[in-house]
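Structures given as structure tokens follow.
Common to both upcoming complexes is chain A, partnered first by chain B, then by chain C.
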Partner chain A sequence: MNDRRIWWFFIVPCMLVAVAVVMSLAAVFQYSFREFVPGSLETGGFTLDNFYSIGRPVYFLVILDTLLISFLTAVFCLLLSYPVAYALVRTQSEWVRTLLVILSITPLFTGEIVRTYAWMLVLGSDGFINSTLMALGIVSRPVQFMYTKFGVIVALVHFSMPVMIIMLATAVSHVNRDFEKAAANLGAAPLTVFWRVTVPLTMAGIVASTVVIFAWTMSAFATPQLIGGGKVLMISNLVYLQGLSSFNFPIAAVLSAVAFIVAVGSLALVQPFVTRLERRVAEQ
Partner chain B sequence: MGKFLFWTLITVILVFLTVPAVVVIMSSVNPTETLAFPPKGFSLHWYARAFTYQDFRDSFYNGMVVTLFASTIASVIGVAAAYVTHRYNFRGRRLLEFLLAAPLIIPRFTTGFGFLLVGAGLGINNGYTIVIITHIVLVLPFVTRSVYVSLVNVDRTLERSAANLGASPVTVLLRITLPLLTPGIVGGWIIAAILSFTEFTASLFVTSYATQTLPVAMYTYVREYTDPTIAAISALLIISTTLGMFIVDRTLGLKRVLAIESH
Partner chain C sequence: MAIRMKGLLAAAILLAGTGIASAQDKLVVSIWGGNWRDGAQEAIATEFTKRTGIEVQFITGGTMDRLTKAKLSAGAPEADVTLTTSHVAYLYSSDNLFEKLDTSKIPNLKDAYPVAQRSPYTIGLYSYVYAPAYRTDLMPADYKITSWKDLWSDQLKDKLGLPDFDPSHIIIAAAKLSGADVKDWKEGIPMLEKLKPNIKAFYQSDATSQELMKTGETPVQVLLSINAYHQMSQGIPIKLVIPEEGGVVGIDAVGISAGTKMADAAYEFINTALDPQVQEKLCGIYKCSPMNSKAHVSAELAAMPGIFTSVEELQKQILVDDETRAKLLPEWKSWFTENMTR
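== the complex of A and B ==
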């Protein structure tokens, strides 16, 4: 079955895609070492200045904000996704499961623009929440959700939940239920079983999915762009601004490279920890 | 009691997940230009505008072209990638797996900007090619995963029997393995098509005005106008993807396509 001809036939298209991926990254890294020539798409010679300039507050504060927003999004996303993932795996009823899967996974496939626009309608000053609050007489003037970090994070949490639910559902489904039954038989209350048995057994999945969402949120663009409206900036918005409005390709490249390094770096850093957690669970 | 609280929590979270979609659909049939909750009436005016606005018609066509090419090519490559990484051991396999899955973790704008630079270097930034290549790279991990899951579940004895009866490896692949992989390939193709058609961030970087896809045109519209035309398009996209997901779930099993397990 291990036919060499099939291997050659199949490996070529894979290599082409791999080369394309490498080329796109290489282009970003190459441009990040090039000198910016104002008013020209052509870049100058080799320089490290672009890397120094991201230390300037205009860029550095945005990088910090990006990290903060991504972190908070990942944490809130975990808190909201775990119960859904748990219900999805453990429910006895097939139609409840289908409903949960469709409702929680479908938003993943409607795209960034549709979902961001939807949140603009929900959060806007004449949007759904403010209309409801004013109709109920809870507030007399619209509450400002748009152009705030809060608004951006709410939309980003919603944006990331489907992915996190998929990852956590896999983690919960791998739990050996004998451990839970044993704890329950020994008199542990359902909540105790959950916190002392289920959560520790899914810890590897929890850590892994939180970091994945952290990295994935770094990549958000439409949400901070439209809901942040220039008041809340993430690295992506600066890359767009510098790359496609100011045509400062080198600084856009450096910022892209930073986002890439943080995203891949955080996943790489946490991987040994996740592996250790998985091994500990497997040994039990 | 605990059970009741738990399902109340689940309901609240599901409402949070669903409210944006419901609000979009409500806004899309509201006759006035400004938002109103509940809607002030029922009108399909914004749908009519969405269908007649030239930029949306063009970008819909562009999106269709890009999606058809990208998801179909990605499905073919996805079969190749899943087969090669599952069935063969070779030097650099890990590296290949990593590079093909990397677009999942590389920020979208980094990928988009990278391909913008590559396209500029090759002088192809005004055509579909660079857009299609970018989309292939972005959707490939999803197809590969879908096919891979099917491949893991293929009963190897079927392949061995065919081989024992004298079928050549190529025949086994074409007559036994590929047909068994069909659900995974079709499921992967559908997911790739939906993701490609709705892809925004990377597309914003690699499209020009002539090749802009629907989400890019929608983005431009949102920045220029405040009327609910976008709500109409969004509602159509939400309804069609939900239906698509439902069909995938009924026919292929969404959990299997997305590789979620459950007991």
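== the complex of A and C ==
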């Protein structure tokens, strides 16, 4: 098989998937321009009113909440995942590496609903944390973790960590150890080597993984639905409430378009920065 | 190699053919999962199979999810018969997803209360109420609810759970407490806004309602009577109260999918479901009120809150017609999402 035929072998499936995605997005977005007819599953004629409707404060606030929750999830995920990824790559002990892999990666295979239900048991009024706090006399009545942004972010961070650990571990494993050794030989303390050499050399991975987690959290549904208990709404929950619960497909389509544009826009904004960083690291 | 491939292909075609044949022998019924499906299997499907020899295959899902699926598979319906809430059934029929019923093929309908004939497309099978319910072990011993307005009490701050998939019950109650008709529900908005401090969480399904009640996160809920009794049967100490203004009545209805190839069996399924003995058994399992006036309701069941044995009793409750409710529901949900969830 010559080179060109090999390329077609990869390109054709990619194009088929791309066409399917674009067509399904177009099928959803065309509802944005349709009139909502109460008491019917069918939509009416052409209108732009749906775009004005999302100017209502509640939609704006839910979009802001979604951005805030996604940003905080990405940041906390990074702070917690980097040390794990670093230890995973750098440990000399095989059993420590195995343990870290089991603890950090296996949650990926349990599914979002199972993990979210587990967090409900931990964060609930009579859950593990509140029972412990009350048994130790630290609090006299249960602390409200469920149905708060805090609870949603905790569960989302846990949900996203395995993916970020894999991405960061890849970045750490690509660091040329000679640079770190050179810095140490020149008298830099281990912490200085870490902050001035290792972290900058993994910056492209840090930015890329943070953006991926930010964009992926933008579409979170089950976790805010269950932990948020309807009191914490993200865009996906609003899309579900308006689209599949109220059958207001036009508004749901506009909200989906907004979520899509924000997610893709954030990736597009950061991409040049990641490319520049990758180029700089390659030049070093 | 080629021979083996041909053999596999032939086997696949044969298997596919067998699958099609077996699917056509079964009546596919769309219903909610859990105790809803189990009850319908035990009371209706078993009797239907005994009478006709046709097996029933249930496909389950949430109210709106099933409606979405039905819309997507219009013309080639996945289910032959659908059981759903009567005002949602209105949406099925308004979008031509149900076929117009030939009531001469449902002889048991003659003994049903007039309220059972929901529309030319749907028949009500049983009724229930949405009403306040509370955990007796988590509320003070002298705590009681007599009216919907008790849900506004300061005592319930951060204790109340409401369904977010259908806020109609609390909206209807607020309208009634404000002296307004359901169509003028906006007169109840000031009351609804005053309820916000009491709402701790919204439940999205029967399962999350049960979870919130079981863990005590929301010891007071506006709850479907059938679910309240199901939770009681699971050992959760709950008291269901029919307020003096009445509970908000719900009726679960059945319709036949437009384009079904099992129409005769579907009619027989509905007729079986309306049979007095089947109704008695079904309502004994669900703890609901039968639609067939000839169905016997035991004294024990009749004494339970939310069980009605006559049209007169039913009409003392809050009844909203399906069309009004179906048309107002999107408006109610939008308003509720925008104003009550934050």
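In this text, the second predicted complex is superposed on the first by the 267 of 284 C-alpha atoms of A that agree within 3 Å, B and C clash if a C-alpha of one lies under 4 Å from a C-alpha of the other, contacts with A are read in each partner's own complex, and residues count from 1 in each chain.
The definition used in the following text is that contacts are C-beta pairs under 8 Å (C-beta built on N, C-alpha and C of every residue); 3 or more make two chains touch, one makes a residue touch a chain.
It should be emphasised that the depicted structure is a prediction, and the values quoted were computed from it without experimental measurement.
Student: Should the superposition on chain A be reported as showing a clash between chain B and chain C, or a fit?
Tutor: Overlaying the two complexes on chain A (C-alpha atoms) leaves chain C and chain B clashing.
Student: Given the touch rule stated above, what does A:42 touch, chain B (first), chain C (second), both, or neither?
Tutor: So A:42 only meets chain C here.
Student: So in the superposed three-chain picture, is A:124 touching just chain B, just chain C, both, or none of them (first/second/both/neither)?
Tutor: In the superposed model, A:124 contacts both chain B and chain C.
Student: After superposing on the shared chain, does chain C or chain B touch more chain A residues?
Tutor: Chain A has more residues touched by B than by the other partner.
Student: Just chain B (first), just chain C (second), both, or neither: which does A:58 touch?
Tutor: second
Student: Have a look at where A:244 lands relative to chain B and chain C in the superposition and call it first, second, both or neither.
Tutor: After superposition on chain A, A:244 lies in contact with both partners, chain B and chain C.
Student: Check the residue A:226 against both partner chains and state whether it touches chain B (first), chain C (second), both, or neither.
Tutor: both
Student: By the touch definition at the top of the document, which applies to A:80: first (chain B), second (chain C), both, or neither?
Tutor: First partner only.
Student: Quick one: is A:278 in contact with chain B, with chain C, with both, or with neither? Answer first, second, both or neither.
Tutor: In the superposed model, A:278 contacts neither chain B nor chain C.
Student: If you stack the two complexes on chain A, which partner ends up touching A:146: first (chain B), second (chain C), both, or neither?
Tutor: Only chain C; A:146 stays clear of chain B.
Student: Select, from 60-68, 78-86 or 222-230, the region of chain B that bumps into chain C once both structures are placed on the shared chain.
Tutor: Clashing stretch: 222-230.
Student: Output the chain A positions appearing in both contact lists, the one against chain B and the one against chain C.
Tutor: Overlap of chain B and chain C footprints on chain A: residues 41, 120, 124, 126, 226, 244.
Student: For the complex, give me every residue of chain A touching chain C.
Tutor: Where chain A meets chain C, its residues are 36, 38-42, 56, 58, 61, 120, 124-126, 144, 146-147, 225-226, 229-231, 233, 238, 241-242, 244-248, 251.
Student: Can you name the residues of chain C that touch chain A in the complex?
Tutor: Touch list, chain C to chain A: 64-65, 67-68, 71, 90-91, 94-95, 158, 164-165, 199-204, 208, 211-212, 215-217, 323, 326-331, 333-334, 337-339, 341-342.
Student: Would you pull the chain A residues touching chain B in the complex into a rising list?
Tutor: Those residues of chain A that touch chain B are 1-3, 5-7, 9-11, 13-15, 17-18, 20-25, 27-28, 31, 41, 80, 83-84, 87-89, 97-98, 100-107, 109-115, 117-122, 124, 126-128, 131-132, 135, 158, 161, 166, 169-170, 173-174, 177, 190-191, 212, 215-216, 218-219, 221-222, 226, 235-236, 239-240, 243-244, 249, 252-253, 256-257, 259-260, 263-264, 267.
Student: Under the definition above, what is the set of chain B residues touching chain A in their complex?
Tutor: Answer in residue numbers: 2, 6-7, 9-10, 13-14, 16-21, 23-24, 27, 34-37, 76-77, 79-81, 83-84, 87-88, 90, 96, 99-100, 102-103, 105-111, 113-118, 120-121, 133, 136-137, 140, 159-160, 163, 169-170, 172-173, 191, 194-195, 197-201, 204-205, 215, 218-219, 222-223, 230-231, 233-234, 237-238, 241-242, 244-246, 249, 254-255, 258-263.
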